[in-house]
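In the two complexes below, subunit A is the common chain; its partner is subunit B in one and subunit C in the other.
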Partner chain A sequence: MGATIFSYCSDPSTIEGLKWLSCYLTTGKHISMYWSFGTVLLLLAITAPTALAFGFAGATAARSRIAPVSWIGKGYTAIVRGVPDIAFFLFFVIALDQLFEWIRHEVKCPDWTDPIRQGNDFVVCTEAKLPLGNAAAWVHDTYAFFLAVLTFSIVFGAFAANVLTGAMRAVPRAQIETGEAYGMTERQTFWRIMVPQMWVYALPGLSNLWMVLIKATPLLFLLGIEDIVYWARDLGATKTPKFTDYPHGDWRMWYFLALLVFYLCFTKLSEIVLDRINRRLTLGQATAAGEAQRKAAA
Partner chain B sequence: MTCWDVISDYGLRSLGFGERLLPRDDFTICKQVVLIGSGMIWNVYFGTVALLAGFFLAVGTAVAKASANPLIRKPAEWFIFVFRGSPLFIQFFFAYFAFVSLKGAVPALGGLTAAWLGAVIVLFLNTAAYSAEIFYGALMSIPKGDIEAADAYGMTGWKRFRRITFPTMMRLAWPSYTNEAIFLFHATTLVFFSGFPSRGQMGDALYYANYFADKTFNPFVPYPILACYFIILTLIVIGIFGLVNARLNRHLPQQNRGKLRLRLNLIR
Partner chain C sequence: MKKLILGTAITALTAGAALAEGHSVVRLGTEGAYPPYNFINDAGEVDGFERALGDELCARAELTCEWVTNDWDSIIPNLVSGNYDAIIAGMSITDERLEVIDFTENYTQPDPSAYLALADADVDLSSAVIAAQAATIQASYAAGEGMTVLEFATPEESVAAVRAGEADAVLADRAYLAPLAEAEADLAFTGENVLIGGGVGMGIRQSDTELRDKFTAAIQSMKADGSLNALIEEWEIGELF
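Right, the complex of A and B next:
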């Protein structure tokens, strides 16, 4: 028995009821589970801006006048559609991992002559392994998390690119023409006229995307991260007195119920916040919603 | 071993017929295509059953949400919020473990822990909630004049719903509902990756694609095969829903017809 938060928890077999529950919910493993909620929030905090950047790059590329660049942009948005996303999650993690190892392999071991694909095995030299075989456990964890973030960003970047392409098209053409009439270059009209205005049009799509991103976070589990799904399965499983001070039956149902409630609360909170942002952005806009706000105020 | 032999051995493997063991070596393209295709049977089954059953619950829920009576409206709103506001992945896990607990209490309900029944129930409720929101949106945007015209003809209640409200609601909702159907078929890949275990290695397309990727350390063959299957399935769904859409719009002049527009298919 490790350190306990409450002093009366030193001998769990003697306590009952709420007191037992308070001890049970503050064991070391449960604290780890609470931290994993932090992992989910961290993933969202990193992925959302990264995916937006990917999306912006994709949307800009799709508009490019140079044909190959525009193909890349359009291909990027098109490829993620039509295929189940979970397949992409499983695919990208292996593919990215192999890509990084292959690049390192080419750089670090130029003398290596054996082929990388030997039958059914993917072999790179020891120095090119990611992470290195002798690395600490936290390096492995961080690398896995990094791959997960990159995968999420690539997939959601494609969706964001789609939304942003639509938003760029929605900015009235007359606005751009006005910019041109003032002698602005194409680059200037893009950054000074289009980009500041497109967000109003992009917001509904992006809020939808944010909701979907929240709901995609349990897929972390599939990428081998010790996330909340992992802990819920681990802690909820039947525990016998032999291995723990807190024996209980199969409680996984209740753990997943707790996760369900967590996600519902998170969704509700996001809905409220996004609704506020939307109201702020529509203020003074020449749209039906903006007009309705004006009339309500008058 | 020719490809025809592979088809006869593994063509129905996902249902438990044919070869008992999955291939352990010599992973030819043919084997991968056949086995992943065999898994598609499950995806089609899950999607079709959930969609057909979910349609009726969705219409009922949409009408309930539009009701003025809070006793009818509130449960519908909560049902939609719970299933749309939480990840399907967590819903699968929760349902599976709830079914396992239920099995402990009532052994007669043991069938629920099997994917063919339990997962279908979850997908059915999930798609019903998503579709109900779509139908509710359509119900709210039925032109006022249509309802007034029905009133002028003296139609009320069930007759008005069946002849005026329902057809217009379907017509308005159909493009979004097509997206929902595609989306649902994609969501069926989650079944064997969440709580529901596969018995005797009988799994869906993604299950086998993942099997090959794990065995060969090469994701560049099985996942593109899976992608091709899903693109074909998506095209079939679009084709069938397009026919229904044409029928729903047959009384309208060409330019007023609702077009099927493909939108993003996202994770739920």
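Right, the complex of A and C next:
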């Protein structure tokens, strides 16, 4: 069934042991699973900085002296943090997709007379479909991935905004005052004094968020993206001889065990990296940890 | 923030603009976890009775089709939202679903569903705890009969619940359970088959009557020349037309 990597895999029913396993683990389906690890890592790599940017924008907006801007910032953190993740991932993404299509519809098909909502259906003109109906599969996949990144970023950005607001408040007032005494403007004290110093206070909260984000990636399948948990569930499911060359019982435990190892290794690695960043950020800070570093070096 | 939102909006608006026009593609949504109806084969592609059926229907209706997999729980919301154009996922035609979506003519007879339990267990179905996949006709049938129902996201989990002793029997399509009963020594059918639902059809948006009629016509032509029966026999789905 299909192409195989090793020539001896053409008839798996005749082989056993390690040889069988080597064939089994290189089926097209398993290769798809290995790729999905890349999908998850890519999602994390893009989402983390984007969410941080959303969080920074949210935190800055919440601190603004202009009331409406501050309401937007505070409203964003309050609403998004309050909505259950699963509701967000099931319905918000569909709503977001419909919003984009509706905007495109208004721009591209001004002559359209039928209503957009027909009963339960959401119908826009063909040119407004996103991606277009005839687009290649990879375009659909990329778009779905983009929606996933955006949704994850909005959700985790709200939490990050809250962490950063706290961190901004934690920077000692005396530091800012010193800046002001040197004649810095508000903008200058913000960018030159507060922002460089706030990270050390934000890091514990942000590293927590990072860990939660790693574990939230299985929500990807709700968005139609085949992630590692989806594949583990599918590959581990009981396979009867009729539908596969590699029949086996319920092996989900082994697949999930592999995922457990992956997630544990990944979080351990994250801890090591975050620890290093923390040491770096503490350097020369007016905190107890910064003081301890100074004494140790002296 | 503003730049991000603006950037996002621009990307969204321009995405795929270069690929405009051309022959439209009909996207078929399936679950990919319900053999023999639909499953992902060793090569990682959608396979099964509905793969063969869907490809043949598209050929007869002269449509270019593409396969998409989607989680069962969100399979209807994504259809009405337009992320694909048809559901072909062993979905039985029921009044409840007809309120939300439309169906083509059925391409299987009303489903014979069956109870699968541990081979050595003596199950009294009237008082048994029944496992079923959530949002299926079997789950609502069992609930309607006043049974205690445990619902699971995937069919695999509902079978695992019986093995784990969490449930006494699983109620699902006989065609799905039969290969399991055959291959696994510890599982066996119990009780009588039950006929639920109005057969399996393709789910289509209510506003998309044109596509519905095209597929219905293709199904009728497959019924007329016996090719549908041949597929049903090949995949051991159940009763013939």
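The rule is simple: the second predicted complex is superposed on the first by the 273 of 298 C-alpha atoms of A that agree within 3 Å, B and C clash if a C-alpha of one lies under 4 Å from a C-alpha of the other, contacts with A are read in each partner's own complex, and residues count from 1 in each chain.
Just so we're on the same page, a contact is a pair of C-beta atoms (placed from the backbone, for glycine too) under 8 Å apart; a residue touches a chain by one contact, two chains touch by 3 or more.
What you are looking at is a predicted structure, and each value in this text was computed from that prediction instead of being measured.
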item	value
Clash or fit (per the criteria above) of subunit B with subunit C on subunit A	clash
When both partners are placed on the shared chain, which of subunit B and subunit C touches more of subunit A	C
Which superposed partner A:Asp250 touches (first subunit B, second subunit C, both, neither)	both
Which superposed partner A:Lys268 touches (first subunit B, second subunit C, both, neither)	first
First, second, both or neither for A:Glu101, with subunit B first and subunit C second	second
Partner chain(s) touched by A:Leu90 [first = subunit B, second = subunit C, both, neither]	both
Which superposed partner A:Glu127 touches (first subunit B, second subunit C, both, neither)	second
Subunit B versus subunit C as contact partner of A:Thr217, first or second or both or neither	first
Subunit B versus subunit C as contact partner of A:Ser22, first or second or both or neither	neither
Partner chain in contact with A:Leu209 - subunit B first, subunit C second, else both or neither	first
First (subunit B), second (subunit C), both or neither touched by A:Phe54	second
Touching both subunit B and subunit C, residues of subunit A	90-91, 94, 120-122, 221-222, 233, 250, 252
Contact footprint of subunit C on subunit A as seen in their complex	1-3, 27-29, 31-32, 50, 53-54, 57-58, 61, 90-91, 94, 97-98, 100-101, 103-104, 107, 118-124, 126-127, 129-137, 139-140, 143, 146, 150, 221-222, 224, 226, 233-234, 237-238, 240-247, 249-250, 252
Residues of subunit C defined as touching subunit A within the complex	1, 4, 8-9, 11-13, 15-16, 19-20, 22-27, 32-33, 35-36, 39-45, 47-48, 64, 66, 68-71, 73-74, 77-78, 80-83, 85, 100-101, 154, 156, 159-160, 163, 179-180, 182-184, 205-208
Interfacial residue positions of subunit A with respect to subunit B in the complex	81-87, 90-91, 94-95, 117, 120-122, 159, 162-163, 208-209, 212, 214-219, 221-222, 229, 232-233, 236, 250, 252-253, 256-257, 259-260, 263-264, 267-268
In the complex with subunit A, residue positions of subunit B that touch it	25, 27, 81-82, 85-91, 93-94, 97-98, 100-101, 104, 186-187, 189-190, 193, 206, 209-210, 213, 215-220, 223, 226-227, 230-231, 234, 262, 264-268
